[in-house]
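Labels run A, B, C and D following the written order; every chain starts at residue 1.
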Amino acid sequence: MTTETLIWLIPLPPLLAFFLIVLFTNKSKALSHTIGVGAAALSFIGSMVVFVRALGVEHLGESPFESAVNWLPTGDTWFRIGVLIDPLGAAVLFFVAITILMIFLYSVGYHNYGQPAGDHDVKGLPPHGATITDEHGHKHVVPSVEPMYSRFFAFLGLFAFGMYTLVVSDNLLTLFVGWEIMGLCSYLLIGFWYGKPSARDAAVKAFMTTRIGDVFMLLGIAFLYSATGTLTFREIFTEETLHALASTPAWFGMTTSGFIALLLFIGTVGKSAQWPLHVWLPDAMEGPTPVSAMIHAATMVSAGVYAVIRMFPLLTADYTGHGLTVTMSIVAFIGAFTALFAATIAVAQNDIKRVLAYSTISQLGYMIAALGIGAYVAAAFHLITHAFFKALLFLGSGSVIHGMEHGVLHTGNHHVDPQDMYNMGGLRKKMPITFWTFLIGGFALAGFPLVTAGFWSKDEILADAFGHGHLAVFVTLAIAAFLTAFYTMRQITLTFLGEPRTEEAKHAQETPWTMTTPLIVLAFFAVTYGWVGIPEHFPLLGGLVPNWFHEFVGSTLAEHPEAIEFNPIPLLTSIGVAGGGLILGWLYYRNVKSVSEDKFQIPLLKNKYYFDEAYNFLFVKPAYWFAENIVYKFLDKGVIDGILHAFGPFTQGTGSALRNYIDLPVINRAIGDGSAEITYWFGGKLRAIQTGRVQQYLMLALVTFIVIGAALYFFVLA
Amino acid sequence: MVPLSWYLVFAAALFSIGMFGVLSRRNAVAILLGIELMLNAVNINLAAFWRYGDVRLMTGQVFAIIVFAVAAAEVAVGLALVISVYRNRHTVVADEIDMLKW
Amino acid sequence: MSFWNDPLKVAADWLLGVFTGWGMPELAANILIGFLGILILISLLMVLDIGLVWVERKVVARFQDRIGPNRLGPFGLIQPFADIIKLMIKEDITPAGADKVIYNIAPMLSMMSVLILWAVVPLAPAILGVDLNIGVLYIIAAGSIGTLSIIMAGWASNNKFALIGAFRQVAVMISFEVPMLATMLIPTILAGSMGTAAIVEKQDIWYVLLAPLGALIFLIAAIAELGRAPFDLAEGESELVSGYNIEYSGMKFGMFYAGELLHAFTFGGFWAILFFGGYRFFGLEKVSPFLAIAVILFKAFIGYWLIMWVRYTLLRIRIDHMLAFNWKFLTPLAFTLIMVTALMNALLAGAPAWLYIAGMFLSNIVVAWGALEIARFYSRRERERIEGKQVVAAGH
Amino acid sequence: MTGEQIVFLVVAFFTLAAGFMVVTTRNLVHAALWLVAALFGVAVTYVTLHANFLAVVQVVVYIGAIAILFIFAVMLTRRDMRDQGPQMNKNWWLGALLAVLTFGGLYFLLQGWEGMTKTATSYPVSFDAISELGSALVSPVGYVLPFEVASVLLVAALVGAVYVAFNPRNGDTRK
């Protein structure tokens, strides 16, 4: 099979799995997850084959794997869609394939496959546990299997299809299709437990918020198509096209390329939960704990950043190297601001998943900021390392919650929130694998020097910001990095260290192998993936391992980005903020025993700067008011119903006139009854020949035949 | 030699006799007997045309064989119908089977 | 050219000379000679028929551990003549209420349907009534006249037993004509001709080696067609008191009886012609036509003896079993066999002789084995349905 | 008048007489037997036309199967066999008139056709009509399609006849 054919085939198994599960195997849990995991594994194998083949190609940036077919006729030409794997695509495909396979595998354990059905579980609500009686007659409450188990794998399959489509597509339109499929899956998975009102609301919120971004993105795509006549990346990113776009001025002091890039970037703001459209992501944690959360941390939200990285040549088309353009300034500002802003909120959150959710927003801001200042490779690098360690952290937190739920089932006290970190503590002894992997993930997030992947990618961003003289960005990101380290250590300390603060934490239990295996795999990558991108001029370590990532991903761009000069200041800053944050976090939270002792529970941060409330007041309430008063009361009731009500009497009048003067006398009497009477009269006369005797019929037919035949013969032939 | 006309007239006579049977007999089985005579008359014509035309063109014989098949099918179904009617109405007189009249 | 080598021609030439010498036109003489030939053949057959009566009675006696006719003449050889005299001088009864014309025509038709079969029996290389190129179909056609005679006899007798017997016999004959015709097509396929003479000529290898299953099916169908035990439902002495010929007496009954015996012998002959090489026997037929006639009569007697053996050994089968056996087993099997034979014949065309024979023989065995397995499966299921599942008792 | 003509005339007269008996005999079994005689006559006609195969098939199919089936049917519906009422319906004279008219019309039309007096070419000596017929029936350029259609028709008729004549009251003994 050629590599191009293989690339075409990569997204298909999960889609097939989706249809198979939905249409046929919905009843069978085992069959459904076998199909789902099998499809993910097939795609994984395909992706790995493509990745390895991509590694073997020299100058992949100039001659990537690509293949396209005609799709829509557009006048004289065709709109072509196709697949494209260049170095960036290959690198992204690598982590996407791994994380998706891990999600699938992890879901088997997370949804308690193999456990009995719950005592009173219903579809649309999380399982509540099942009572079993052992051989000694003791009753135990054990976790029960998810009632909609198969459906979950179907959704995951569709999600995986969307993600793969997005990664392998060679044009913005199919990228957008994958993007929207993932949006739908995100909605479905957040609202997976639709029995919970909070989950329903969160699903709607996520869908509506991202929709804002998507509308702008669609506008950007339309603008781009009208400006260039193509949506294929490699046709847009040619010298002439970019130059033409960059030299055409648009509005607000931006060039066309900048304006398009900004529109596309707004899509990313929605998808990657950047300020001010970040509000949906923390609420998205209502979905099945680690899995949909992981979609909203490692893969799907990364897709937003991926889109910007993809469009990087467009973003920087009018960038001359001296002073950021308007678009880039906006991007950099939003990224940096979001990074700091989300980090501050994360410090005050007590829900283990919400901390990670804000951390995700913050880290995505990092990448956006890096892109805004033109640090292409650093952003891509951080995207991938972040995907690994954030997936690890989320799965770890899911594992923790699962363990805590075990404790909750054991004590039977359902008022204890298994996600609240102040209910945990001391879990390192109960859940050693989860602890160690979570520790690795946390240190990677915090940027623990030298050994973790997060350090190298974060350091590269900081070095880029400093090296190119964007000091404001550099300082903001440094503070955010400090906060990141601080709240990460807070989380680890509260969750795993110290003594158990509740009875439930004492009875927590390590999770099954299907859940710990993904943790170990991801922990491996969270450490080692950083080593492929060590800068060459780094003291001691530099040059030991070649800076493969920079070479490889950098070659995607036509202009190969140069590695910046080594400078000790960002390095020291990076080490300082990471180490400092970690140490301070440990020192402080080591002694905190309950919520009331936590001095950082500042209402402003606790309530996320009142963004939800503000949006509620600014957008939701007015929308309700508009719908109620203008649309419903005035337009619908007054205008439209009024017109309709006027139709009634008018139509009735016309109708009765037609009936009385035309229908009854003319049509009924004359035509209707008249034809019936004529038919009846003829029938009465003619029925005498219908004797029911076949022979008479035949005789009649023959007589007629002979008469007509004779007449024809004598009058026509002769 | 026998001219073709003899066969044709013979077949026409047989056909007319069969037709008389079909039109005049009261018994439904007898009507079917008449139909058989008519079909045979047709077959004689087919065979005669084959013989008096080019004997290498087998069309006449082929059609005669297909008429055999049709006759067999017709008799099978026809007699089954007669027996079925007889079972329900206790008569096979065609004149009395007149449920389809006005 | 001597009488020894070609007796028919010599006799015909001599007769032609005699007749034209009397002043007859040549055409009339030829027609007369043809009629004379037919007359002689029929007379010889009738004599043979009388012999068959003796054979049948002797053989059945031996099967039943009796002696059989032994008083009149040596070994009772005069006995059949005495029987005939008795039949002839018996009162010729036509029952009141019988349909006289049909009643009297039926036995003649019965005898006729057998005798016309001999028109296509090749007695020796050149001794053959008429070399019809549709000889095989002709056999079936003659058989349908026999069917007609039986239903005429049964109906005209104005007797319920006779009518039931006739019904049964007709149902059986029409049914078993199908597998019989199907198996007759196997020699036709192998020889590439429907003519009986051609089939014998082509039979360098006896077709029983190429189609043993076909030969077996033909024999079974022939016994059913003859209405002899185990398929003698039309007579069924114990139930129908002799069936369709219950009202017949005297020589009319004698004609049915003689017709039946001769029919059995004739089918023995056809079995020999279709599957056992007819008059051919290691080149004997080339020595003299008389030897050839002896060979085919010998083979026909073997077949006849086999039919008798079956008749006096097996029990009568119930009518519905018999028809089900035909339609659900024998007919599909025969059709399968035709297809397999045609296929193998085409596949093995040009193969060496030993491979050809082995392939045909083995394919027949495989078909037979498969059919028996299927039949066994269904019969076991039927038995379980009726008797309930039989649990094999564990040994105590 | 040649021998062939004499044979033809005898056969034709016999056949027509038998056919006439078929449609006029009161006794239906006799009618069916007369039909057999008429069919025999037709078979002989085929022989005079050198259509040997048709002749034998005529005997096998018509006499061996169809005529027998008729006799069966007559006997199965024998209550009407004893029916002493008229065997012709009231309009038999019209039927007769129509039959005569048809014959007259056909004769009239045939008279006007120039191929009417055509005589046969002599039959080719070594012509094997049966193998020709066989290949015509199964050859793709011949008549394999009508042949197959006919066989489908036969199967359909078989199934239909069994279904129609099946007596549900005492039919299925397996229940």
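FYI, a contact is a pair of C-beta atoms (placed from the backbone, for glycine too) under 8 Å apart; a residue touches a chain by one contact, two chains touch by 3 or more.
Since the model is a prediction, treat every value here as computed from it, not as a measurement.
Looking at B-D and C-D side by side, the one with more C-beta contacts is B-D. Per-chain Cα centroids separate chain B from chain D by 6 Å. Separation between the centroids of chain C and chain D, computed from CA atoms only, is 28 Å.
Our note on geometry: chain B versus chain C, Cα centroid distance of 33 Å, whole angstroms.
Centroid to centroid, with C-alpha atoms defining each point, chain A and chain C lie 86 Å apart.
Contact of a single residue of chain A with at least two other chains is seen at positions 695, 699, 702.
Multi-chain contact residues of chain D, defined as those touching 2 or more other chains: 53, 57, 65, 72, 89, 91, 94-95, 98, 102. Under the touch rule stated earlier, the contacting chain pairs are A-B, A-D, B-D, C-D. Of all the residues in chain A, the ones that touch chain B in their complex are 687, 690-695, 698-699, 702.
Across the interface of their complex, chain A is touched by residues 19, 22-24, 31, 94-95, 97-102 of chain B.
Chain contact summary for the complex, chain D toward chain A: residues 89, 91, 94-95, 98, 101-102, 105, 109. Chain B contributes residues 1-10, 12-27, 29-30, 32-34, 36-37, 40, 43-44, 47-48, 50-52, 55-56, 58-59, 61-62, 64-66, 68-77, 79-84, 86-87, 90-95 to its touches with chain D in the complex.
Of all residues in chain A, only 695-696, 699, 702-703, 706, 709-710, 713 touch chain D in the complex they form.
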